[in-house]
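Given below, in the form of structure tokens, are the structures.
After this come two complexes, each holding chain A, first together with chain B and then together with chain C.
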Partner chain A sequence: MQFVIKRVVISAILLVATSVLIFAILRALPGDPVAARLGTAQGVNQAMIDRLRSSAGLDRPLVSQYFSWVAGMTHGNLGRSYFTDRQVSSMILSALGPTLELTVLGVALSVLVAVPAAMAAARRPRGWLDRSITAIASAGMAFPPFVAGILLIIVFSITVHWFPARGFIPLTQDPVQNLRSMILPSISLAAGAAPLILRYLRSELVTALNSDYVRTAAGKGAPERRVMLRHALPNAALPSLTMIGLITGYTLGGSVVVEYVFGFSGLGALSVQAAFRRDYAVLQSVVLLISALFILVSLTVDLLGWWLDPRTRGHRG
Partner chain B sequence: MTAPVLDVRDLQVAIGTTPVVRGISFQLAPGERLGLVGESGSGKSLTALSIMGLNRDPIRVSGGQVMLGGTDLLGLSRAELDRVRGARISMIYQDPASSLNPLMTVGAQIVEAINLHDKVERGQARARAADLLGDVGVPNPRQRLDAYPHEFSGGMRQRVMIAIALACQPEVLLCDEPTTALDVTTQSLVINLIDRLCSERGVATVLITHDLGVAAGFCDNIAVMYAGQLVEQSSTGTLFANARHPYSHALMSATVDLGVDVTTALPAIAGQPPLPGTIPRGCSFRPRCPRAVEACADEPIDLLSLDGSLVRCIRPISSDPGSGTHPGTARDAAVDTPAAQERMPNA
Partner chain C sequence: MAESGTISVPTAARRRRVTLRIPPISVLLLLIIVLMCVFAPLVTPFGPNDVDPAHPFAAASGQHWLGTDELGRDLLTRLLYGGRLSLTVCAGSVVIAFLIGTIWGVSAAERRGFVEEILMRTADVTMAIPQILFALVCVAAFGASLLSLTVITGLLLAPTSARMARSVTIQETSLDYYSAGIAYGAGKIRLLTREVFPNILPALASQAVINAASAMILEASLSFVGLGVQPPQMSWGVLLQQGYGFLYNDPTYAVAPAVLILVTVFCLNLAANRLGSTRHRKVVRP
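This part shows the complex of A and B:
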């Protein structure tokens, strides 16, 4: 139980530190949001610039800006975009849906592919099947996601017209079309993520299959299938959880490329756009949200691993 | 003699292409206890694991037969072997700490052993598991079924392993150094437990150990292994009183006798056992043997019957400790023939 409390407290501290860091770094960056918004527009005078600055609160001291950001967060008010004047919270909310769905589907697909492939490969290490699977995995990892995405579009959208090439249809609007629009993006995401999980799980499985307890199970007369599923897989999956959590966290903020290729505006695309516009109001909240999700996912994975392992969960018997 | 329950015939095991077990044969009568002793690396554990079919790449059985009742275990498919292992032949392993699945309760692991061969209803299997746990001396067996291996001490874990091994009333139990990983006070408790349970159930046992004291107290017969071969096999009493092979003789002398003056250095066998692949031709103990002569380099040296023992030596130690060798054995006569000299070294 001590572990859980410690882990939760650390996560909370991490979250606060991250928010300070994000805020400070964005202010320290060169470039001015007002200048970026006005661009090379004609007839701009100092009075206009000052008015825009004060309406965005940019003329107040930094500490006060930070606390009004944090205070706003507690009741869901993240301020307005310096650039479009839209509510930041509504911009983030509309970007969060596609990203969450893409992440969940992409990671689920990766696990679904990686687990059976890792089991098949680990059965005979360095056998032909293992070599083939490992080679395909290496190729998948080396493949840039945008190339995978574009290839998928060429084959499945342009040539055979099975799936739409671009665009995101919300789940609430049309579940079937939503799923169809998510298939290609999920596959191109999984093309990069599944090999990572596969390679890690495979090596954990090889270790588990060489362990004494697997020998005991075989000595009892357990068939190969049962040895793999009941004994080797759970022991190998436990350390692999961390890897899956890491990939999930990374995907939440790092699927920019996939979002661009398939033309839907998720968190990644939103943060890149905001960075170009020096739109701190949007950027700080998006980056913080991505960090918070990352921290949350690793916390969840750590706690899950702790709970699943009787050695750490504590005594019961 | 009644038909043996286990009949190992010329078992050969290799790591890759290097032979490590070089033709082991022994028979185990119902209820018999056979000790397999020798230094580490002599192939004792590999022999037991090969009998169970539990070798892993690159270790594989390269020849021989393992007859359990009428069937050769080495000829069975995996599915057929799975019906025999755990049911008719079981094994207890060296390290109880790593031999239990850390993520499963002890009860689940015993129930698994029962269910794999006896499809009984859940509550019944659990009751049987609790009985087994009680039989091996785990206190509060019903409650302890739900405990995990890490909640047990080393000795208690080995008791759990014994419960698993005996779950389906096997005819043969292989014990691979079952007490090596345990502390001294626990060792005798575990050995006594195996002793009692095997007597009660009439289980024939092979005990692998390098502890001659343990072997002496437990075994009816002892087979001494050296460099992947049996060098001597006889009844426990005969071997301890009168070891004929120079290696077993040295092994017996190397055991600590607390009755003697402990200030003198403990006797040890000079030199190291040969590494697999570098086994000398002729007698593999020859480089370390104080009695070796030229003829000992001739191949092959067979296991010969000698006053009720089996001894692989052409110059065995006499049954009378005073006089030296048995002069003029059949082997000596062959020394000078060209054929004997041209024999190939051990591959």
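This part shows the complex of A and C:
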């Protein structure tokens, strides 16, 4: 239990530190987003700038700005966009769907590909199958998600018209079209993410397959399938769980540019747009939200590993 | 890129590795790419901005090896000139990450306790934000000039270097020669720079090559969404962005920079693996 409390506290501190860091960087230079917004517009006078500044709270001291941001967060009020004057929280809510779906599908696809491939590769280490799977994996790791996305569009949307190149159709509107539009983006994310799990799980499996308990199981006459699935895999998968957290971070980051490539209006696209407009109110909240998701997933995965492992459950950890 | 040279590490290491005479294919390929970009004017007869409005989107031919873009500019030429910026940002940020990361990690390993906690927890925090988003925040705050892009990428990669530097330094300083040095009364700074540093350099170099791959991807991503290198300046990311706009007219336009990024990242990964696999050899100390 001590372990759980410690992990939760560390995650909470990490989250607070992350918010301070994001806020500090965005306020580090004296640039003014309000002036940037009014920009070159005609007939702008100082009174207008001042009014906008005070409505966005930019005339208050930095510390008080930070705390009003955090205080607003606790009841879902993230302020208004400097640029469009829309509620940041509603902008985020409408952008959350595509990003979450993309991340979940990307991670799921990575796991679905990586686990069988790792099992196949680990059966005969250094055999031809192992070598080819490892080679494909290291090639896949060189694919930045957005580059993979562009190449996939060229092959599957332009050359053969199997999948749409752009656009997101909400799941609630048309599940089939939604899935079709999700296939290429998910593959582009999984291309780089799956090899990360695969390499780790493979080496864990090789260790597990060389252990005494696997020899005992095989010696008692358990079929190879059973040895692999019941004895080796659970022991190898446990330490690999951590990789899921890592993959989620990779996928969340990758989705920023992948959304741009495929024309999704998700959190990634929103953050790019906000960075363009120097719309700090939107940018700080979106980046913090994505970081919070990443921290939360890492925490969950760590706790899950702790709970699943009979050696640590109920003990320290 | 500086990394292709870091294969030759400290003298002790070089003496051991007599078998590695021919550089691996990945390093050779990287070398070819770098040299072609550096000596671009000698490789192609065109300038990067020589327009030929009569022949837009020309197919690959003997004259234009990769065809031309929407204004009839030679694509290969633009790739080579664009590579100069991509490689500059990449090399510059790797050097920054190396310097900051090494000092960061070594001082954390050296000053155990409170200072180490502060230094390494800072690294944890910066790594809790996905790199590309962190880069977006920094670009929004500090602008997207070539210099700021290089510094931002370098700072983003520094924590990974710092972690690596810390763990190898702790390993190294727990060895007998280090305590012997301390017992002899050698200064810590001297011990670290003269004795420890050469031994941890292979690990740091391997990390630097991995960083080079990340830097390449980061720069390309930022430039691709328009928050990195700004046109009319060009890098591979910018060219990919421009090609992306003409996907249906001329797929080669986007494929060429994409493949170039892929090959470079792939070779960097391979080179890093190679460096990494030789770094655990036992160091023979005189």
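By definition in this document, the second predicted complex is superposed on the first by the 309 of 317 C-alpha atoms of A that agree within 3 Å, B and C clash if a C-alpha of one lies under 4 Å from a C-alpha of the other, contacts with A are read in each partner's own complex, and residues count from 1 in each chain.
Basically, a contact is a pair of C-beta atoms (placed from the backbone, for glycine too) under 8 Å apart; a residue touches a chain by one contact, two chains touch by 3 or more.
For clarity, every value in this text was computed on a predicted model and none was experimentally measured.
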(request) Mind checking the superposed model to see whether chain B and chain C fit together on chain A or clash? (result) fit
(message) Can you tell me whether chain B or chain C touches more residues on chain A?
(response) C
(request) Applying the touch criterion given at the start, work out whether A:80 contacts chain B, chain C, both or neither, answering first, second, both or neither. (result) neither
(message) Quick one: is A:202 in contact with chain B, with chain C, with both, or with neither? Answer first, second, both or neither.
(response) neither
(request) Quick one: classify A:272 as touching chain B (first), chain C (second), both or neither. (result) second
(request) Return first, second, both or neither, reflecting whether A:29 touches chain B, chain C, both chains, or no partner chain. (result) second
(request) Please indicate which partner A:253 is in contact with in the superposed arrangement: first for chain B, second for chain C, both, or neither. (result) second
(message) Quick check for you: in the superposed arrangement, does A:294 touch first (chain B), second (chain C), both or neither?
(response) second
(message) After the superposition on chain A, what is the angle at the C-alpha centre of chain A formed with the C-alpha centres of chain B and chain C, rounded to the nearest 10 degrees?
(response) 80
(request) Determine the nearest approach in Å between the Cα atoms of chain B and those of chain C after overlaying the two structures. (result) 22
(message) Need the overlap of the two footprints on chain A, from chain B and from chain C, as residue ranges.
(response) none
(request) Could you please specify the touching residues of chain C with respect to chain A in the complex? (result) 121, 124-126, 128-134, 136-142, 213, 217, 220-221, 224-227, 240, 244, 247-248, 251, 254-255, 258, 261-262, 265-266, 269-270, 273
(message) For a test of understanding, state which residues of chain A touch chain B in their complex under the given definition.
(response) 125, 210-213, 215-224, 230-231, 234-235, 238, 308-311, 315-317
(message) Show me the residue ranges of chain A that touch chain C in the complex, using the header's touch definition.
(response) 14-15, 17-18, 21-22, 25-29, 31, 138-139, 141-144, 146-147, 150-151, 153-154, 158, 165, 249-250, 252-254, 256-257, 260-261, 271-272, 274-276, 278, 280, 283-284, 287, 290-291, 294-295
(message) Per the contact definition, I'd like the list of chain B residues that touch chain A in the complex.
(response) 52, 54, 56-57, 78-79, 81-87, 90-91, 93, 95, 98-105, 112-113, 116-117, 143-144, 146-148, 150-151, 161, 164, 167
